[in-house]
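You will see two complexes here that share chain A, one where it goes with chain B and one where it goes with chain C.
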Partner chain A sequence: MTISLLGTITILVLFFVALATVALAILGAYQRSERMVDAAVQGTYTVATLASFASALIIYAFVSGDFSIQYVQHTSDATMPLFFKVTAFWGGLDGSLLFWVLLLSVFSAIAVRANRRRHADLIPHVIATLGLIDLFFIGLLVFLKNPFEPFLLDVPTSGRGLNPLLQNAYMVIHPPSLYLGYVSLAVPYAFGIAALVTGKVDSAWQASVRRWTLFSWLFLTLGLVLGGLWAYEELGWGGYWAWDPVENAGLLPWFTASAFLHSVMIQERRGMLRVWNLVLVIASFWLSIMGTFMTRSGIVQSVHAFGEDPMLAWTFGVFIGVILVVSFGLLIWRLPLLRARAELESLLSREFAFILNNWMLMVMALFVLGATLWPTLSEHVGQRVTIGPPFFERVMVPLGLALMLLMGVGPLLAWRKTSTASLQRQFMAPLLAGAVTTVIAALVLVDPMLTAAGQTELDMANLPRGLTWGLACFGLCGFTTATITQEFVRGISAVRRGTPGTSLVDASIRLLRRARRRYGGYIIHLGVVLMFFGWAGNSYKIERKANLRPGDALTLGDYVIVHAGLRTSEDWQKEMITADVEVRVDAAVQPGTRSLAAQGEVVDTLQPARWWYFQLPDQPTTEVARYMTAGADVYVSMQTVDMTSGWTQLRVFYNPLVNWIWIGTSVMLLGCAICIGTRRRDKDQSHV
Partner chain B sequence: MTKQVMSQVFVGVALLGAVGFLTLGPTGETEGVLEYVYVDEVVARAGDFASREFKVHGIVVEGSVRQKKNESGDYMFEIEHEGKRLKVHYTDMVPDTFAEGGEVVLTGHLNAAGDTVESSEMSAKCPSKYEEEQRALPTS
Partner chain C sequence: MSARGRWLLLSVTLAVTLAGGLMVGMGAEFDASVLVLSLAGVVLLATLRQMFAVVVALAGGDEGALAQAAVAPGSVSRSALAQEQRRVLRAIKELDFDHAMGKLSTADHTTILQRYKLRAVELMRGLDEDGTLHPQTVTALERGVNSSPARAASSHDCGACGVSNDADARFCKACGEGLVEAHT
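Coming up: the complex of A and B.
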């Protein structure tokens, strides 16, 4: 039997087992039959096993180079390294749908196993919900996009190869990471739906989903940042985020999941926002499907032909509509059970800070969704338009800064009501820190910021937007870091007062153990601050484009960039042209001079290149080279090159503080790991 | 209405108002929002595009690309759609996926004569072998 046939049969069996599982779960819940529910649980495990088997088969087909399967032939070739052959599994549409099924099936099995006894009354509904979602995707595999589809005639003997742009380590981790985030959001959604159907809308359902949401959030964050890093290193345009629909799709559920992680604490503490939390869980899942729809059907990419796959687009469109109608229908039906148990007592309370934070995140999500979809919708209402980064930045930068302000203010406010005395005590040091940071940033950075904006003198009536936002961002970084530090200092002092003689390190570890969720949360916030610090660097970013011949130089901020020569080389996969570009520290060279100044120490020799894969000679790739420091990246990409005359088109960027974005992400992930490790008994003490 | 509901409504309205203000600004201009047209539409109503930026989508005509191999690195080429053609003067570096016969979307304006698009921003789609990740590569 061929792999193609075996795979197709597996997917068919998978479809029927999933169908039976859903039917058993619904009947079991309806007839209160434990036997049926047990059978549905077993069905969930079987679905996970079958999905794993189908995935193993496709990976085997890739590794063994079975080019009789269309999908394998389209996305791989015999010369690809093993690593990329395995990961080509999710490199194309059909495979990524199977990958989705694999993840959802495995997550369903884990979620069911973990909550089987604890939430026995919710389980049949959870199985039914997850099963229906899974069934939709399995259905796509069976009816529209079978990854095992063979060539019926003219079986090719070689593969077409994976797009070279995707043969990159980040591209290997980025999609699965985003997928883990997307798919795991189905679990909180299923619990939310189960709670609505059963009417058990107390806080119990949330206990089991908080950690899942944190898990989803962690992988969404990781996936988004890795995607940015990939764009930065691979595409050669000097940036990491362009508000591209594909990027926005990942960001949308991130906003609502972040909102949920905050608002769930208010429900736990004060019994408020019960409807809102359900809205957020539904919205997060809906947006994750919407994101998949947007990126997979091709509807929002104007460079693509509209409706590249109209059948897939329609199927997804209907699914998205059904989710929306059913979920909100259930929510409206259960509204009477969802009354808040407490009222907001004061605007100067942590509850209100959380409510504001939630609104901000929700508005950001709605804005990004609207602005991403508008170009597609605009085709039908008259003028076709496109929406570029300046439009997004105009709204998202101020909202992002406001969110950071709240991140600093929130922990300083007390639950219920904050007294004036407490306000003074709490805010004094952070405000001072914010002011000092702003002043220092202004003294050091105004000049480079003005240069970056193309101005020579400070004109107070016409301040460049980058300068205003840049300084505000640095100030807020100072303010928020101070609030976080203040919280840690107070916490550690309290531990040391309680057990005198404890060392600083011991006291910190104890503090983290005692209230992981609270202090883990602060560490996540610190990571966010570092990311904002990195973004603030954009306010004095420099970009230069130049045509240089070997020996030519150009100035870039404090550096001189020298074209030191070109060379060609070749390996078994591709032909390469590499430039040697020296980065020198030298302030003495006047801008505009082309002479290679004798002075100036070479700090690094960069090797930007262009590669022509034999498989795809008309699609060269740009290989970026960077000189990285904590202060800035010198980023060089080579665009076109003429070997006979030596003319080389270089694009050179001075990207200040950019590496703090990646550092901040690592800190966020560390904080997240600490939070996920929360044990049951931590729950009472944690309130952040 | 309870205090909580009232404060929620207030926050919501204030935020949406803020977004509206940020989006449209005091003057109602929408920075970053450009009309997106095909070559034939530009040719048909050239007058409309005289003094403003827009995005134009077309296919690079085979054999039309000329590049000055000097410092400026300018490109001259033609794009077409539905049988209509437009000249392009492009003054930036082209993305990796730029090729004759490939689809491009250019951002720019018409020159005074109304027959050439002056552009320095391009996204290009490769003539194509891959269904996946053919996203336009931003060039700025």
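Coming up: the complex of A and C.
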């Protein structure tokens, strides 16, 4: 039996087993039959193992080079390293759908196993919901996109190979990470739906999903940042985020998941916002499916992709509509059960700060969704409108800064009510810190900011946008950092007052254990502050495009960039042209490019290159080179090169503070880990 | 996993290891594709076992229908009460913490705390099946609610280490020194 036949049979069996599981779960819930629910639980595990088997088969086909399977032939070739052969599994559409099924099945099994006893009454409904979602994707595999589809005639003997752009370590981690985030959002959704169906809309369902959502959020964040890092290192246009529809698709559920993580705390403490939390869970899942749809069907980028596979696009469209109607239908049906038993007492309370934060995140999500879909929608009305990054930035920058302000203010407020006397005491230090940071930033950075904006003198009537927002961002970074520090300091001193004689370290550990989620959250906020600090650097970034011959030089901020020569080389996969570009400092800057070349001290020699893969000779890749410091990146990419005359077109960027974004992400992951590792302890405490 | 299942797993692992060792001994080559294929084989075995488990579950008896209390709109279930109680207790903890960090004035802290404590008592009464509390609990709670926390705190500082304790505490929570003499 060929692998392609075995695989196809496996997927068919998978379809029927999933169908049977859903049927058993629904029947079991309806007849209250323990036997059937038990069978459905076992069926969920079976679906997970079957999906793993199908995935193992396709990986085997890749590793052994079975080019009789179309998908394998399209996305791999025999010369690829083993690592990329395995990861080619999710390199194309059909395989990534199978990968999606694999993840969803495994997550369903884990979620069901973890909550089987604790929430026995929700379980059949959870299984049915997750099973139906899984069934949809398995159905896509069976009817539209079978990854095991063989060539019927003319079996080729070699593969076409994976796009060289995708043969990159970030590209290997980035899609699975985003997928983990997307797919795991289905679990909170299923619990929310189960709560609605059973009418047990108290907080029980959230206990099961809070950690899941944090987990999803963690992987979404990681996936987004790695995607940005990939774009930055691989595409060579000098940035990491371009408000591309595919990027936005990942950002959308991130907004709603962040909102949910905040608002769930209010429900936990105060029993408020029950409807809103359900809306957020539904929206997060819906947006994750929408994101898959947008990235997978190609509907957003152009109509041609839509025309290429109208069947897939329509199926997805119907699925998205069904999710929306069914979920909100259930929600409206259960509205009488969802009335809150507490209300907002004061506008100066942490609850209100959380609600504001939710509104802002929601507005951001809606804006990005609207602006992403607008070009496609406008096409149906008439002229296609394109929306570029400046449009996004005009709205998102102020909103992001407002959110950051709220991040600084929120923790200073108490639940329920904050007294005015305490307000003064709380806000004094952070406000001072914010003001000092703004002044320092203004003193140090106004000159480079003006240079970046192309002005020579400070013109108060016509301030460049970058300058205003940049300074505001730096000030807010100072303010929020001070808030977080103050929270830690006061918390530690409160602990030490309660139990005198504890050392500083001991008191910090006690504090973290006493309110781990709270302080873990603050650490995440600190990571966000670092990322904003990195973004603020955009206000004085410099971009240059220049044609240089070996020996020429140009100035870039405080640096001098010297073209030191060109080299060609070749290996078994590709032909390469590499430029040696020297980065010099301390040059007395004088006009005239030739005279510069001899000056200054060389701090680094960058080697940007262009690679021509033999399998794709007309699509050369741009290999970027960077000189990294904590203060800025010097980023060089080679655009075109003429070996006979030596003219090289270089794009040179001075990207200030960009590395703080990646550092901030690591801090965020650390904070997330602290938060995730908390639930068992919480539970113990609540039972004592 | 049952004891039989564990034995089965152990013997299968042993057999696979033996077979693999024999093959290596006879000079067979192991490359990635063989590894992936054997992995697929193991997963297939697990799948078949799991399918069998479905059949076993279906064939099993149906003892005791699922306890699913029908939820009438407007009724407050016991679990909801218990949850609210947990929420109130946690809120009290948090309130004390906020007060200790200086976010709440003492006056606000006192009024909100009293409201929370009353609610907690109410909830406890609701949770108690027959609606009555143990007489000692009642007096303890009343003392806790009626005495001003500020006054109570000052009179319950531990004589040995100075830590402030709850109004009804009999031993210091930090050092274990007896506190009963302090308020008798």
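In this section, the second predicted complex is superposed on the first by the 662 of 688 C-alpha atoms of A that agree within 3 Å, B and C clash if a C-alpha of one lies under 4 Å from a C-alpha of the other, contacts with A are read in each partner's own complex, and residues count from 1 in each chain.
As a working rule, a residue touches a chain if its C-beta (ideal position, glycine included) is under 8 Å from a C-beta of that chain, and two chains touch if they have at least 3 such contacts.
Predicted model only: the values in this text are computed from it and were never measured.
Visitor: Applying the touch criterion given at the start, work out whether A:Gln455 contacts chain B, chain C, both or neither, answering first, second, both or neither.
Guide: neither
Visitor: Who does A:Ala56 touch here: chain B (first), chain C (second), both, or neither?
Guide: Only chain C; A:Ala56 stays clear of chain B.
Visitor: Can A:Tyr45 be said to touch chain B (first), chain C (second), both, or neither?
Guide: After superposition on chain A, A:Tyr45 lies in contact with chain C alone.
Visitor: Where does A:Thr79 make contact in the superposed view: on chain B (first), on chain C (second), on both, or on neither?
Guide: It touches nothing on chain B or chain C.
Visitor: A:Pro375 in the overlay: touching chain B, chain C, both, or neither? Say first, second, both or neither.
Guide: first
Visitor: Do chain B and chain C land on any of the same chain A residues, and which?
Guide: Touching chain B and chain C on chain A: no residues.
Visitor: Would you pull the chain C residues touching chain A in the complex into a rising list?
Guide: Residues 32-33, 36-37, 39-40, 43-44, 46-47, 50-51, 53-54, 56-58, 60-68, 71, 73-74, 77, 79-80, 83-84, 86-87, 90-91, 94-95, 97-98, 100-105, 107-108, 112, 161-163, 174.
Visitor: Considering the complex alone, what residue numbers of chain A touch chain C?
Guide: 17, 24, 32-39, 41-43, 45-46, 49-50, 52-53, 56-57, 59-60, 63-64, 82, 120-121, 198-200, 202-204, 268-271, 336-337, 341, 412-419, 421-422, 425-426, 487, 490-491, 494, 497-500, 514-515, 686
Visitor: With touch defined as at the start, can you tell me which chain B residues reach chain A in the complex?
Guide: 2-4, 7-8, 11-12, 15-16, 18-19, 22-23, 25, 30-37, 55, 57, 67, 69-73, 92-94, 96-97, 99, 103, 105, 123-127, 129-140
Visitor: How about chain A: which of its residues touch chain B in the complex?
Guide: Checking each residue of chain A against chain B gives 74-75, 91-93, 160, 163, 165-166, 235-237, 239, 242, 244, 246, 272, 301-304, 308, 340, 343-344, 347, 352, 355-356, 359-360, 363, 367, 375, 383-395, 398-399, 545, 547, 616, 618-622, 639-640, 642, 645, 647, 649, 651.
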